[in-house]
Amino acid sequence: MFFHTKQFQYNAKPDNPDPIFAKQMQELLGGQWGEMSVMMTYLFQGWNSRGPAKYKDMLLNTATEEIGHVEMIATMIARLLETSPVEAEKAANGGGAVGAVMGGSNTQEAILAGMNPQHAIVTGSGAAPTDSQGYPWNARYTIASGNLLADMRFNVTAESQGRLQVARLYQLTDDRGVRDMFSFLLARDTMHQNQWLAAIEELEADGLEQTPVPSNFPQEQEMSEVAYKFMSFSDGQESSQGRWANGPSKDGKGQFEYVAEPQAMGPREEELAQVDPRLYGTPKQPLPPASS
Amino acid sequence: MFFHTKQFQYNAKPDNPDPIFAKQMQELLGGQWGEMSVMMTYLFQGWNSRGPAKYKDMLLNTATEEIGHVEMIATMIARLLETSPVEAEKAANGGGAVGAVMGGSNTQEAILAGMNPQHAIVTGSGAAPTDSQGYPWNARYTIASGNLLADMRFNVTAESQGRLQVARLYQLTDDRGVRDMFSFLLARDTMHQNQWLAAIEELEADGLEQTPVPSNFPQEQEMSEVAYKFMSFSDGQESSQGRWANGPSKDGKGQFEYVAEPQAMGPREEELAQVDPRLYGTPKQPLPPASS
Amino acid sequence: MFFHTKQFQYNAKPDNPDPIFAKQMQELLGGQWGEMSVMMTYLFQGWNSRGPAKYKDMLLNTATEEIGHVEMIATMIARLLETSPVEAEKAANGGGAVGAVMGGSNTQEAILAGMNPQHAIVTGSGAAPTDSQGYPWNARYTIASGNLLADMRFNVTAESQGRLQVARLYQLTDDRGVRDMFSFLLARDTMHQNQWLAAIEELEADGLEQTPVPSNFPQEQEMSEVAYKFMSFSDGQESSQGRWANGPSKDGKGQFEYVAEPQAMGPREEELAQVDPRLYGTPKQPLPPASS
Amino acid sequence: MFFHTKQFQYNAKPDNPDPIFAKQMQELLGGQWGEMSVMMTYLFQGWNSRGPAKYKDMLLNTATEEIGHVEMIATMIARLLETSPVEAEKAANGGGAVGAVMGGSNTQEAILAGMNPQHAIVTGSGAAPTDSQGYPWNARYTIASGNLLADMRFNVTAESQGRLQVARLYQLTDDRGVRDMFSFLLARDTMHQNQWLAAIEELEADGLEQTPVPSNFPQEQEMSEVAYKFMSFSDGQESSQGRWANGPSKDGKGQFEYVAEPQAMGPREEELAQVDPRLYGTPKQPLPPASS
Amino acid sequence: MFFHTKQFQYNAKPDNPDPIFAKQMQELLGGQWGEMSVMMTYLFQGWNSRGPAKYKDMLLNTATEEIGHVEMIATMIARLLETSPVEAEKAANGGGAVGAVMGGSNTQEAILAGMNPQHAIVTGSGAAPTDSQGYPWNARYTIASGNLLADMRFNVTAESQGRLQVARLYQLTDDRGVRDMFSFLLARDTMHQNQWLAAIEELEADGLEQTPVPSNFPQEQEMSEVAYKFMSFSDGQESSQGRWANGPSKDGKGQFEYVAEPQAMGPREEELAQVDPRLYGTPKQPLPPASS
Amino acid sequence: MFFHTKQFQYNAKPDNPDPIFAKQMQELLGGQWGEMSVMMTYLFQGWNSRGPAKYKDMLLNTATEEIGHVEMIATMIARLLETSPVEAEKAANGGGAVGAVMGGSNTQEAILAGMNPQHAIVTGSGAAPTDSQGYPWNARYTIASGNLLADMRFNVTAESQGRLQVARLYQLTDDRGVRDMFSFLLARDTMHQNQWLAAIEELEADGLEQTPVPSNFPQEQEMSEVAYKFMSFSDGQESSQGRWANGPSKDGKGQFEYVAEPQAMGPREEELAQVDPRLYGTPKQPLPPASS
């Protein structure tokens, strides 16, 4: 069960409205690597967890924090779509940043600016659960497989892609209020990258899972002769000197080997069987009509 | 530029047709973590790469191998939808596994079996670029950010989730031909998990990127006091003893700290500004009609 | 069965072309609350109706009218993408509003304007079945549950959101031709909001359905002690004075009650059961390999 | 900011596992009218609200409650995918409900049962953020327009469709544990239908909005002569006696009128203008090649 | 503007209900090649047409017919979900085809049968605008480019795929009522395949368009030396004897030529330029932190 | 199995970067009719083919060529997002085309220009597998029915729509490098349109399939009296003189006939049966509560 308190985890107020940046910042809210994704991912990983309590607890702790991040970003976007005090004055005369869109003297300019039209037409100057291109968030961004090593590797990725996008957006604005909130989000993403890396360490130390995932599948049933070979299917051999082509494998169970000209191990591609005539696919030779 | 050879990388033939398993196996083809996803992901990472040549070469090598995996799985599914020699005989009498669906004496049974109806109606006993629930593959499964550490962390995840799903499907069938192909795919996924872990090691050793991603963002501009704190937003403290709450952080730049009762650092949630009357949102108090 | 007449229900001609407004107006055509949505929703509600004939007749009447609205809006958009007489002249010299996009002297300006690129590349100056962000219309916007009270509540919503969006778009243009068509659509939406509210009144008067939907479910099988309590899960009590927290409930079957500090009525969240080892999820403690 | 407590709002435990019902129950979790939809809808309506504090407070209260409902349903589904104590015993011998899927003696039967294959392959016996057909939840189910009357009409719909679906699912199971949770959800949906109807009453009483939404648009700018006419575009006149065709309109501003044979008010559909030759659409007559 | 008459274009009544076939038949309604697709495609092609009046007229004629086909199929599906008179009797005792799903003695059997759960939970025994796998129809199935030859080629495809699917579904049922309706739809699809082929003939005869589309693009600006060469990128030469590799090209403007070993005509793939450091992509060598 | 060579099939380098055109050109990469679509479509048609070897060989040849086209276009887009030498100089001072987006003096201008924000935030100046509006590519663009005539008609369409879009994009740029690559793609599309038309000729000559598809369905089971009638459902008779309304049908099996006023051949639309009370749909008259 959840509770809400009417205080933000950190500041969420821009110095000035900026409808163009509001459009771009949607990527952090409803984008593939935005905060809605980590919020829903950690919630489902926590709720579905059948492992030790400490992992479930950790997942739900961070999931709950992320709901608060979604709250901050949604609020920031709503405020970026507002008129500032100065603009409010102009708005009375039909101007202002948002005001311009609504028919003032700067209309053309603001429209040209490429504001997200749905911020006016659909949300009425509110945040939308979509990305910076207006594509709606969807639940395929939520990953929860029940295997915590597979999932925490995803979590490391999510926090990496997420922090990368915040850093790029940091460069797209010089609003101090926005950058202040970003400095907080960047730091939390630093923590969360570290957190999932540490959890992976713990999971392996606890003997619950290791590389290759799933480690509990009996490895003698995989074809061991191709389990540590790097195969080159492109001309050139730039990749032959990489760590992935030499030395012990990362799981400590094999030796990497470079295969410069991999051979097909399967048979010549023989033809598929004749199609059932009642499916009306193209047969190998003309057929009489399929009765029915 | 690409070339194709009419030989499979490995065997792709079931002992017997099985339309139900064909439906389930679609997850490996067009599912979120199926082979189409890694094929397209590695292609785009390779094509977009602006880093050292060895990474681009490696990415395109493995991408090209994956096209061949997609080929094997598509062929396997098409064959699982075929009648076997014995069944072909029965099919003449209106029977057989696929035949049953088409009006034979076992119709009801086969339909009850929950075959994917599109395998009959849409593809005519061919593989479909969809997952086991019929949801079409889409390009949000393709990840290529330009930052190779962020992306290779994704690749480790993809190979982990992918191998996990092959292992689960291995349990859902006892067809020796299918399991033979799975033993090959499991081994290649073992290699690829190791490969991306090794590539991450190399990337860090090359000094190109490290934790936290992006490492090149000046860290003094993030709010350092929350960069290594684990915050508990749920009652209970099971997670306080985890590696993520104690000891040096994984990036070596801080010390993890457990915060049992995190305080809001932001302001009381004040109200958003009045809505522009020309957007017809709900105002704080009644307004006169907005002229236009 | 349907017939078409080559006359518009009302005017659908702008005074001037305006490719930017054409992009924005797509929201009314292929957006979530656009005319395609009400057209398909009313058609399916009508076709699926198992209730009295007057409701089915009404639904199909209005559905058929809406096909004509889609026609008007599609035509309006196509004309907004045309060159006007004056611009046609300029077009001969490589100018004009659309012409500019195609390589004339004003190219940069028009491109900057943020025209929908698919209006040039995909539709060739025709309307598209997408919203103002280019997201394609989909059938999840079609609601038909078989329960007319549930569905007509949706219809009231659809006409409210739709009229709201027309009103907002009215503010984004001062083209008299466009506004003329909008004055017609606004009036029809006024009718349709009233129509569905009246139909709800009739449905209740006919004794076919009432609050709470579905009213035919035996209410003694719901947990009556929480059926009229407003529960506050956030600090602050601003909402305690609202109509929803005091007085008789709207269905006349209970009294609203305000619960300032709702208690969890469920058990402590105990752990989920151990995972089946053959699914390779993370277990509570290390397990031996799962044989297969 | 949000907090979580490790206690369920109400019971969430089935008497027995049932993977088929787990598939069906997904509709309540990730379906269009499931709990994720109301949770996200109320959160965004609350965060974006620019109206009086009591509405924002109410929205966030109920939104926060809904997160707890999502938690209960996700847990219930995870448990429906578990083996019971008795089945656990059988599982050791390769049986059990989920066990069967994994290779036991009842394999065929369980597979025939039409279990969601992703519950085995993708989530490993956990809940998924998808509906009963495996279609992922998406943010188009989240409605927040900034106009609270338009939005609360949606909320009434959402609680009506949602309660309708719980009632239908109630009929699809006789598990007492599941029905116990449903009795709670049905009651809360009863409250929430009443709550939004009451909030609409209050919103109108406060003078903030009324029919037709948006009421603040100057009504003299709509074409009043069609604002209260019911138009019949189908043969037959069953609908002419309905409340929507007679008497005062529900907004009190007009009289309903029935139009048996509505006439087109627009012009004959004249042809669209010639296509820009550089767009290569089909022209009215052959054209010389478009130079470039 | 459109009108509706309460008579079906042809019969739309099954002899018996059959919820499994109802699920499968959804492919004809809301599938990619179902009737909703041709209805919307022909409407948009007609509305957007800027060519001669006879094409626009033809398109809107057939589009309007297709709305009536959607009506027939939706009704057929709703009836397949009904209990028959006999079953209605049984339903009183908790039986019947749909009844079984609702808790009767045959519950398990019917559920096993793999009925679409949304036919019970979401539509309440009505048709849904989705395909046979529950995936919602979307507007990407609507093709209207403004170039009638490109579009009519699509129309030929759509009627071919559509007729193919009806023929396959014909084999999946032996219900005489369903087959009666299918005999009508098959014939209309025969007409429509012929119609679009004839329209293509006319379009070329009118001199409005020809192969290659768009024929109005000045062909000297394409690289003529590769315009009629068949290139083989796979080993084996089975395709060298095909019509596409020999003789005059179909547009009469060239000679087909077979290229057994096509050479790359582009340069060696040189590296992409260095990434802008402010985008934090992986650089070719370590970089100092990007200031901001 | 596939191989890659590090040489482009043709040139893929622009004279100058142009982030706006990069956005528009995405349509050729990840759009519905872009190169990813033909690549995946031909691969699946080839892999699923059960017809003569020459068709399978041809399909896989051209499929493999298309992977190389995707490679060229992805590279071109990545380069359009780069700073040119001159701009690189400016970039040092915070300028340049992409540089501007990142905070230089021309920031506002470049942002106004409507660059795809995901080219900065998500891909870091790489190509994305999406269309020009940011909508991700999905597998519904992949068509493979098993019936080669149905599918090759689609292929003709795909190459027509594709060449049309290249021709339109040709007009949207005057960059010589881009136009050089387009001249190559236009020529290959000319070949491919001819190729599929020739393959259709061959397929018919081989006696494998003909109009109407599927020709193997016994035509006596379709309702022959409507198989060659053009029906007019709109007023006006412009279409009565078309080829589709007169003369022998294109399949040579009938005579086209024009029906000016088509009559409904089906029954009056009678009511659907009563709803099962346990589904809580709206009944024809009030019902007692449904027990459960």
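Labels A, B, C, D, E and F are assigned to the chains in the order they are written; within every chain, residues are numbered from 1.
The definition used in the following text is that a residue touches a chain if its C-beta (ideal position, glycine included) is under 8 Å from a C-beta of that chain, and two chains touch if they have at least 3 such contacts.
On a predicted model such as this, the values are computed, not experimentally measured, just so you know.
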Can you give me the shortest step count from chain C to chain D, moving only between touching chains?
1
Using the contact definition stated above, find the chains touching both chain B and chain F.
A, C, D, E
Selected from B-F, B-D or A-B, interface repeating C-D by over half of its contact pairs:
A-B
Chain centres computed over CA atoms; the one at greatest distance from chain F is chain D
More C-beta contacts across B-C or across C-F?
C-F
With chain centres set to the mean of the C-alpha atoms, which chain is at the far end from chain E?
A
Dist(centroid_CA(chain D), centroid_CA(chain E)) in Å evaluates to 27
Between chain A and chain E, what is the gap in Å from one C-alpha centre to the other?
31
How many Å are there between the centre of chain E and the centre of chain F, using C-alpha atoms for each centre?
11
Residues of chain F touching at least two other chains:
1-9, 32, 48, 50, 53, 55-57, 60-61, 64-65, 68, 75, 78, 102-103, 112-114, 120, 122, 124-126, 130, 133-136, 138, 140, 145-147, 149, 164, 167-168, 170-171, 214, 217, 221, 233-234, 236, 264, 266, 272-273, 275, 278-281, 290, 292
Could you draw the chains as nodes, link the ones that touch, and say if you get a line, ring, star, complete or other?
complete
Where on chain B does chain F make contact in their complex?
1-9, 30, 36, 40, 43-44, 47-48, 50, 57, 60-61, 63-65, 67-68, 70-71, 74-75, 78, 122-130, 136-140, 142, 144-147
Spell out the part of chain C that touches chain A in their complex, as residue ranges.
20, 23-24, 27, 31-33, 112-114, 131-135, 164-165, 168-169, 171-172, 174, 233-236, 264, 266, 271-275, 277, 279-292
Residues of chain A defined as touching chain E within the complex:
164, 167-168, 170-171, 278-280, 290, 292
Considering only the defined contacts, which chain F positions touch chain E in the complex?
5-12, 32, 53-58, 60-62, 64-65, 68, 72, 75, 78-79, 82-83, 88, 91, 98-99, 102-103, 120, 124-126, 138, 140-141, 143, 145, 147, 149-150, 153-154, 156-157, 160-161, 163-164, 167, 170, 179, 183-184, 186-191, 193-199, 201-202, 205, 211-214, 217, 219, 221-234, 236-239, 241-244, 249-251, 254, 256, 262, 264-269, 272-273, 275-276, 278-281, 292
Interface with chain C, chain A side, in the complex: residues 1-6, 48-53, 55-56, 101-103, 111-114, 116-118, 120-122, 124, 130, 133-136, 145-149, 203, 206-209, 214, 216-218, 221
